[in-house]
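My questions will all concern the structure given below.
We call the chains A, B, C, D, E and F, going by the order they appear; numbering starts again at 1 in every chain.
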């Protein structure tokens, strides 16, 4: 993953308390990456979702310069009940995720920061994070927002990928980004079998009914999409594209526009 | 609202316990309407969102005949923090909504029913209900699903309405349905002022960032869309169209298709 | 149920937010009906307890005129564990009921109202509601009170009924009121079998020991009392009598007198 | 307090684990005294309510012989928010009392006992304990019951007392029992001022409205009733009368009769 | 146990509210004894741990004179899951203990006191009480501290005992103190068998790994140490020694020194 | 940090689900590192405590070979309320930490693993983790244990360090290990000022009283001990020594010996 002198100075855990106090005084935005530790087929490591959320945040912090930004350590466990039958998967209850985000965000606010953006990397977290941002905004009287890096960069994703329009699961997209950011963790020998049904996160033609579906019932190999089409070059474009989109949003002031509920 | 001999026999509260035991034995589906009690401008009553969810469920129960269906009493309080500044608004915390749905759904299951479909009528509930359906499916080991009537009937909504493509808030759509279902509760004299910005629930051009926006900051009159274009005839088409769409989904077996998380 | 131009203007859900803001400014009292959805023998609908609490509140609001009063939507689920074996019954845990009342009452207070009276229609809620009013008064620093309509009107009940002194369950009293308020929902053909043991809510000769008794162990048909003696005329007298008693209490200022704990 | 070789063998804390295992095998009933630590005027110690619940339990255990009985240590803190303004008072929230009773009762059941009777000595606990017994019966699938010693012995109380019909607060009744059971803790010099309004726990003529009343607003000295009429002899009659009534109930099988909810 | 005119005036439950208000005004320290009700072999009563915590507090209150001190009623149930297999044992969950201490401490603070010292008598509570003191200090913004009487008096314990260096369980130490404080509750005939392995609470040579060990797996008789060496004389020295140590700490101002976390 | 082909195959997040299923079948032990993100003076990054817990786990996994071991991602937030005044610090409530550990450990068990060892790197977590291991063992019926790496390796720490006997805070020990494991994150220019009072975690001469002490009140610079004596060579010895000690404990079977509560 991106780890050099420049990113180093963007990561909360790598900074000293005096440095963080200064950043808070300069009204830096805190990016809080959140993903999941869950099965991603036979070719990708279980940490993919939080690795990529973290990676996009690191790149965003550099690209958004000179906007002051701090990247908090990644929340590596999300909502993954639907992947539990595969093994290798960790999951939280909604209540625990709520409590964890409440305490972490409250601490960030007590440290003097005033703007927190959760950057999500796991499809299964999306709906819960939107609901929790509403709750936490009210509970903490704070300026919170959430995005998923694959939503922020949906245009570049649609342009770069060849076998799919958006991120699925252990697919052309995630595998490409893994090949770009941590190639040593991709089991390339397993990629030939890494094919599954196309399952969209927010498809336009989907049924209007929402219910919980065990992932193994629709994708027995744990893969949605076609990882065989993945390349590191595509991954690099995706990561940079998503980070650029996010940096643009931060520059535009993400709290000034947005999707409202009615 | 729809209240005759036929609908009467579809409403849980109107039925006797022996009748409900029989319906459970016939594997009837329970529709659980959920809405909100919240400001809807100067022309609509605060109960609109749950009135309409309830109305669509009553119509669906008739249209889906001979599928056995029971309509539970409507949950009339949802998540409406963003409307609190207007007054007249009631809201639950996410935890309380979770607990309430858990106890009501558990009771329905203990009464012998095996399929529950939440039918939502409030935009501000959508994301939380998806997240809660995931939790409750796991907590109760049950077959739960959720839809919003305006998502189920999105095609008819787009066709019937003239000033908007989908339901907004106290808008052409909601006002039309109110004029059709409970005209005596619409303050028609106030409709001339019932205009506000277009705020879509799931707009395609919206920012990828989600954050909580107080409704009064974007729509000072409490209205999104243009109620002046509302007519009872449009409302009748909308209600029937949404109910027909829902009945079709029930006949197709809503738990057999669906939008998955990855 | 009572539904005309006059009651319409007393129901929270039917009012607009601007109207509710005005009522709050005039220091209107909010009546919050609470009942249960539970088995009531073979002749009465499961919603009886909340239908009647709601009905008494609507009548009270008219009779108390010109005192400003708003009737909130009825809480239709209470504590009914002891009726669960009959089927058709919904129940909350004490914690969930606590949370629900806390959020609803807090919302009412935030909407500017200062006095809330819970009006109960279910015997199984009585003891819990007293305890919760104590808790909520302290938690919300608010002026809350609770009554059961059958306690407020106990004198008229004792006078009107012939086979019992007070309200039992699916009995002469409840059946009479159902015949008065929603006769179309009473299965009169089943009334001949609607007889059970006399079980008093607050009997003077009862054992000083309190424990939870499954209702089916003492009343296998789900009825306590004798519904055969019910008539719509008695029901009308009961409903008006209870509403008049409640209106008198409101005029006298219910928060100025009361039953204290020591 | 009653403390001799015979009572000693009835108290859980005084017994060894092997003795308690034997008692569980003989299906002994566990009496769990519960009271309050709260202001009782200038003449009585703050522990009166739990001292007396404990004392009645000790006497009951002897009088019920040869029924096997164990008296658990007294729960000395209850619901006393309404006495907090006087100082010297401890109180629990309803949630904490629920959790405490759940854990203690579950432990008693795990120790092999099958019947638990809560014996209450504090008016402010009555309504909550009834509600909690309902919850705990369902949560623990256990045989629980609750009584207040002054309800069990209401007939003897009405007969013995001269200035009141039942127990009030720091009154003729409680002061008499204190003079009988722990005279060294009564400040007799203060008794001349220990007079206050008559406040009944379950008065027949009280308002049907229940709301929380700060005790200092109705009884500025913290006394309800007239302690000047108290004597140790009356106290002895009361304690023995209540314990005899309770022993009779235990012999009759308290779980076989009872006050039901409908 | 120590019960005379002097101790009487040190016990919260024995004092009147006006007396407690005065003590609060004089900034008295509140000692809150906490122990456990759990098996202690065949020779000791199950209440030993809270009896001794209470006893040491009573003696401390006298020895610390003229420092103003109040002893709250003892919390007689702690964390004893590891003793449950023996029967006769009561235990709380950590959450319940947290809630109970929160409510009791908050009440003490509301009564005007500003310093609370928990005095523990049960090894199984130690680690949880330290953690809870941290939480409660933050939650209540209060001055709380905790000690175990056997830690405060560790030097005298090491000097007096012959077969062990510190308190174990139902051992030479606890049995000696029981013989001194409540000899009538010791089954002396059982003492000959009251021998078990040496299990230290804070041994220097123990493994650095902490895990939960069922007590019956290491001490089948429920005894750790050798009760045969116990005498009432040793017990008197221990109780006075621990109380003297505690009184010295109170005089020195326990909140001014202490063991910190880093 | 240690990151090569060998450690890579020991990290849960880096492994695929099929690999983790195999490890579960071979009864691998899961090490769960837990630390804190908190101020560590002006010379160390805020992540030190979790960096070091993670580092020791990685080394242990290699040294314990061929014992099968998996290292879970580090829990980077612990209990750090006492460091909040310095800024740059994140903290959880005890309840949230409990919920987080419960969900993560339950997931690990559901993934088929049977032994979990929490490896702690933060003094402020010690007492809470012991208490939580007791709770979780009972809640999950599982084999859990906890150690702190500085307790496991206390002998090597005492031998290697020159100005202190054990780990303090941002001290000779932590700074040395930081210089060994992540030298690029140490602000060496700040080390000259990195001196503070000696504060031991488990000092022998400390007061027996435990209370919460804000760290800034005793160490205004946020440092306890003398970081000037730190060297990378000492750090390497410490890390290897602690990991070796932990590997030895794992080989000996950490669940077979241990420190018990009585």
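Please note the rule applied: a contact is a pair of C-beta atoms (placed from the backbone, for glycine too) under 8 Å apart; a residue touches a chain by one contact, two chains touch by 3 or more.
Since the model is a prediction, treat every value here as computed from it, not as a measurement.
J.: Using the contact definition given at the top, which chains are in touch with both chain C and chain E?
T.: In this structure, the chains that contact chain E and also chain C are D.
J.: Could you run down the chains that neighbour chain A and chain F together?
T.: none
J.: Using C-alpha centroids, which chain lies at the maximum separation from chain A?
T.: Farthest by centroid: D.
J.: Averaging over Cα atoms per chain, report the distance between chain C and chain F in Å.
T.: Roughly 58 Å, centre to centre.
J.: Where the CA atoms of chain D average out and where those of chain F average out, how many Å apart are those spots?
T.: 50
J.: Whole-Å distance, chain E centre to chain F centre, using C-alpha means?
T.: About 31 Å, centre to centre.
J.: Hunt down the residues of chain B that sit against at least two other chains at once, touch-wise.
T.: 93, 95
J.: Are the chains arranged, by touching, as a line, ring, star, complete graph, or other?
T.: If you draw each chain as a dot and join those that touch, you get a single closed ring.
J.: Per the contact definition, I'd like the list of chain E residues that touch chain D in the complex.
T.: Residues 5, 8, 12-21, 24, 37-47, 50-51, 72-73, 76-77, 84, 86-93, 95-96, 99-100, 102-104, 107-108, 110-112, 184-185, 187, 190, 222.
J.: For a test of understanding, state which residues of chain D touch chain C in their complex under the given definition.
T.: 79, 81-82, 93-95, 98, 117, 123-124, 126-135, 137-138, 143-148, 151-152, 154, 168-169, 199, 201, 203, 206-213, 215, 218, 224, 245, 249, 254-255, 257-262
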